[in-house]
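Shared between the two complexes below is chain A, which pairs with chain B and chain C, respectively.
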Partner chain A sequence: MLDAQSYFDRISGDLSGDVKARAVALAAAEAAGLPTRRQEAWHYTDVARLLSKATHDTLHNIDFAPLNPLMAVFDNGRLLAAPQASGVAVSPFHHDGATADNAVLNYNAALAQDGLTAEISGDLAQPLIVTTQGDAPVHLHHKITLAPQAKAVLVDNHMSRDYTNARFDIALGAGAELTLIRVQQAGHQIGTSEIMLAEGAQIKTVALVTGGALARHEANVAFTARGAHAELHSAVLGRGENHADFTYLIDHQAADTSSNTSAYNVLDAAARGVFQGKIIVRKDAQHVDAQMQTRAMMLSEGAEMDAKPELEIYADDVACAHGSAIGELDKDALFFLRSRGLGEASARYLLVAGFIEQVLAHIDNDAMADALRALVAQKIAAQFSVQGDA
Partner chain B sequence: MSALLNIDNLQAGIDGTPILNGLSLSIQPGEVHAIMGPNGSGKSTLSYVLSGKDGYEVSGGDMMFEGQSLADMAPEERAIAGLFLAFQYPLEIPGVTNMTFLKTSLNAILRGRGEDEMDAASFLRLAREKSRALGMNDEMLKRQLNVGFSGGEKKRNEILQMAMLEPKLAILDETDSGLDIDALKTVAEGLNALRAPDRGMLVITHYQRLLDFIKPDVVHVMAAGRIVKSGGPELALELEKSGYAEYVGETVNA
Partner chain C sequence: MSEAKASIDKDTVDQVAKFGGEHYKYGFTTEIDVDKIPNGLSEDIVRFISAKKEEPQWLLDWRLDAYERWKSMDEPDWAHVDYPKIDYQDLCYYAAPKSMEDGPKSLDEVNPQLLETYSKLGISLQEQEVLAGVKKIAVDAVFDSVSVGTTFREELAKDGVIFCSFSEAVQEHPELVKKYLGSVVPKSDNYFAALNSAVFSDGSFCYIPPGVKCPMELSTYFRINEANTGQFERTLVIADKGAYVSYLEGCTAPMRDENQLHAAVVELVALEDAEIKYSTVQNWYPGDKDGKGGIYNFVTKRGDCREARARISWTQVETGSAVTWKYPSCILRGDDSVGEFYSIAISNNMQQVDSGTKMLHLGKNTSSRIISKGISAGRSSNAYRGQVNVHPKAAGARNFTQCDSLLIGDKCAAHTVPYIEAKNLSAVLEHEATTSKISDDQLFFCQQRGLDPEEAVALIVNGFCRDVLQHLPMEFAVEAQKLVGISLEGSVG
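Up next is the complex of A and B:
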């Protein structure tokens, strides 16, 4: 990891906002230091060790062109051009400098160079793609707000080869609907999403991690009023020494809210998958329905999956459940496919693609789902050295 | 001319437990053979050993398919050679549509035979035609393979795969179990459509019913891992009446 203080001294001249507030945040971050395994939320993810590992994963360009998207490209930490469309009001990046209660967010507060601040209203026909690219360490702080009843598709397309600390503040007004697609193929990323759902708001996230020495995706979802609903689905295709960590805090503060979480991990070689999902149902938040499911397909003895679902329930009339299934590739299924003429590699390809497809199938927009399917096909084909027919 | 399938004194087992104990059977091109026998007599084991499932140890005897020994062939090589097994318990493959699977399978077999793959349009036409003939709607082609299918739908789906792949030898392991009367007729029609002078079938069943629709040339009784009696179609009727007692050496308590 970089030496934050000297990095700050070097770039502080270019940073916007209150430099004093940034220095305070930096001091707080440095006092705490980056998280260590002694902190419960980081027990399975050893940041210092993972940051010291190089990442060799190939970056494939995902073909979003058929979707005619709005682009917000952050190149080495700077927004190249603001997206322009009716229904999207982009404001200049404003640094508020507020300190937080954890070092990751304080580093972000101190060092955030830029970020997309956008308010979306109405039904945004074009997906909004936020691409993070480059080969320098960056800190970004995005703030995306959906006005009441607004509808949008947002893509967090992570294409950086270096360290990224990205924060997304996402607020959905009453009845708003957001589909959030996330992809990470390489690099080191610690991402934090603070998601706030107003009455009847719905968010669906589909995250895909196909590589990276560190892919920490933390999401804290607050259901603040009745009728709010969240779907949080993730797929990990890990090999080599990839490390993918999905950590959620799913906080049902209001009655009649619901969540559906699933995590699918395919882990080969020495890859490691981590899933930590904590569901809190607050007192008086009756009729909450919260479901959580973890599944892992282990392709090698050296791979590891750590799944830790947690329920903390203070209301009495709720339906909450979690389940976890970790297994190897299904030998009977493999035999069945081979008995139908598929070579072993193609059979494995199809079983792995089918496993990941169960996550991608949550994406309603076919063109969007196809763009990710094509990426997955490339990754699996490279992994098993086969040409996929799927 | 060699037999389509010639099994001679086959001995096989799993985890050190012998299951097939010197089984012999010969199918000529154009013939349909039926195997009946009590639960646990080794019928499914025979179908797995023939199609090359991992974990079975073949400790003696031969299995020759058109004069070629199956023993050292991978499951996919056997499929490419023209062997097909309709599974007693069809598998579910989540996330893979029936259509994608059929296409991948058919093209793998065509490629394996050194033939051209089928283009998307011809494939679609063929798949629709074959599935309609089996009373399956297009919607079932778009669904994930066998996921959420009823027992009978899964069996029909096995026959659809067979119809698409047109194997030389189809082994049907209790394909009739779990089918309603109409489905049984449809499936039997599917099987009969595939009968040809150069093809053969090995039909494993517990019921005479299916054999009313596809008349077998030979009926075998299997017990304790070997063929203990063979005869014409009338043998199936006899078994239906009297059971297997005389073959397994048990006495029936009246």
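Up next is the complex of A and C:
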């Protein structure tokens, strides 16, 4: 991990916004330090230990070309070129450095050098791809706003080999619809998404983690008005010493809101999957429907899955449920495929790919889903103990 | 009606009136002289308690060590409960009925008011035939920290079963106590367990020798009586190889205005092929409808399936206490051992419950089952907090968990906090949780058939709890079903 203070001193000349406020945020962050396992929200993710681990995962380029996307590439923390299209208004990065109540966000407030600030209106036909690449530690703060009734597909394509602290502030106006795709293949990332949904707004996130010594994806979703809906789906293909942690706070503040969360983890070698999902239904938020599912497939000794699906309910007329199932590859399913003439390895491949497909199937855009399927196929074939005589 | 009983009854009526007519069936206070020590906790108090009970040096050392550790510990604050800070120096750590000084030689010598209290609780210390003579229950009644009477001991002794108060066990079976005390819940396990280890007053001790199926269900009635005395019970149940015991614990407490602390420790040890079934009905005073008064129940209960094929089953019906902090757990150490947890937790008015279980799978092919039913009504808060942990070496571990919450009214809260940790490839863990309310359709249907709303709620809730109720011994199941109805009075309509 970098020495934050000296790093700050080095880059402070280039920082935008109120540098004094940033110094205050840094002091707050340094006083608290990076989260430790003693903090409940970090019980399963030992940041200091994971940051000290090297990451050797291969970065595959995902073929987004067929989608004709808008690109926003952050190379070592700097936006190369702002995407230009009608319906996307990009503003220069401005940072107020406001102090937050946790160290991760405070480090971000102090050190964020850049980020995409965009307001999307209308129905954006092209997907907007935010790529984070490079081999240096970076702090990014993105602010994406969807005007009422706007529609967009946003991709958070994490291609960095080093440490990334990324914050996404996402606000959806009334009736807006956003599909958010996230992919992490390597590196160390602590990502925080603050998602705000107005009346009737809908967000669907599909996250795919195929590597990385630390992949912490935290999303805090606030349902502020009726009719808001969120789908949060994640898939993990973990191997080696990969550590993937999805932590959600799903906060139903308003009545007639709904959410559907699922997490599928395939864990090979000494990989570790963590899922922490907390559904809150506030007082008077009646008629909330909140569902949460966690699934883990363990492929080898040494793999570990930790799940903590929480419910915190303060209203009575609600339908909330969570389910969790952890087990090894289904031997009956394997036998069935073998009996149909498939080799052991290709049968296992199919079962793993099919397991992950349950997440990818949530992507409506076929070309987008296919791009991710191709990535998954590459990962499984190249790196998992399931390939062989396929 | 005796004069004493009349005065108690009047006292009860007055108190009930004072608390706004709150329904609490067992709200009465027995006036008996009590031998008390000054409030506060210090090394001297620990020495005093130990000396009073004529304990051997090793136990005093054990207590003092626990006290030392307790001093450096912090009260846990992670539970989903909220209560005013407890001043541990303002509590009394020992109270024994004064009549004990003379040492009643038989039940005839026991203070009649005490017997009166028990009879109100529906316990008879004489031999009694329960449910038309089907079963006998041995009662080791606990009255404010000191056991005052033990029955059936002779009959149990025939089979070699030891069932006595903890103090007696220390005197008569020191080797067993020394071997097993603190072996399941170490003295520094947590804040309340450490406090209990330092100042525990008395409790029950039970040892079932190898191959013996305990001929009757063992029962202890706990009762908190003197105001402001924390009760620190210590229960130790050991089932030796191939033994079986079913142990019942039932609790009622008189109505009190001030909060009372109860920090008990229960340790169960099941050796090879042994089985322990531990059932609890807890109905301590929950406070009035505004949350005034009520018991704080901070209990550490843990069972150790120490050897192969051991089996421990916890069944609990929690309807009382203002604040409950309780996680009966199983350490599945022996291969093929089984842990079970069946729980009903009902909270009404201002009650707060944070309860659940831990299943720690250490041995191979261990299995566990958790069925938890939480019912919240009024302005109460009811949380299930559970952990299922599979150790890397626990091949073939299996767990099934179901925790359902039922909300009655829109001012209560229900929480579910499961921790599911699998570190073994072959572990199969399933967890399901739901939250729902009693539907208007169900209520309408019952009322249309002539039930009043409260009966309808009791019926529906009993149905919701059925999976757990059927695991209770029959005597308890009947009581528990009634309790479910009583606890929810006033929650609808």
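Basically, the second predicted complex is superposed on the first by the 383 of 390 C-alpha atoms of A that agree within 3 Å, B and C clash if a C-alpha of one lies under 4 Å from a C-alpha of the other, contacts with A are read in each partner's own complex, and residues count from 1 in each chain.
Here is the rule we use: contacts are C-beta pairs under 8 Å (C-beta built on N, C-alpha and C of every residue); 3 or more make two chains touch, one makes a residue touch a chain.
Computed from a prediction, not measured in an experiment: that's the story for all the values here.
Superposition of the two complexes onto chain A shows chain B and chain C fitting side by side, with no clash. Contact with neither chain B nor chain C is seen for A:D289 once the two complexes are overlaid on the shared chain. By the document's definition of touching, of the two partners only chain B reaches A:G343; chain C does not. In the superposed model, A:A361 lies in contact with chain B only, and not with chain C.
Here the apex is the CA centre of chain A, and the angle it makes with the centres of chain B and chain C after alignment on chain A is 80°, in steps of 10.
Of the two partner chains, chain B is the only one touched by A:K331; chain C is not. Contacts of A:L351 after superposition on the shared chain: chain B is touched, whereas chain C is not. When the two complexes are overlaid on their common chain A, residue A:D75 makes contact with neither chain B nor chain C. Among chain B and chain C, the chain that touches a larger number of residues in chain A is C.
The superposed arrangement places chain B and chain C with a least CA-CA distance of 16 Å. Residues 330-333, 335-344, 346, 350-351, 353-358, 361, 389-390 of chain A touch chain B in their complex.
Chain B meets chain A in the complex at residues 51-54, 74-76, 78-80, 84-85, 87, 91, 93-96, 100-101, 103-109, 112, 144, 161, 165.
Contact residues on chain A toward chain C in their complex (touch as defined above): 40, 283-284, 286, 294, 296, 298-328. Partner chain A is touched in their complex by these residues of chain C: 78, 392, 405, 407-437.
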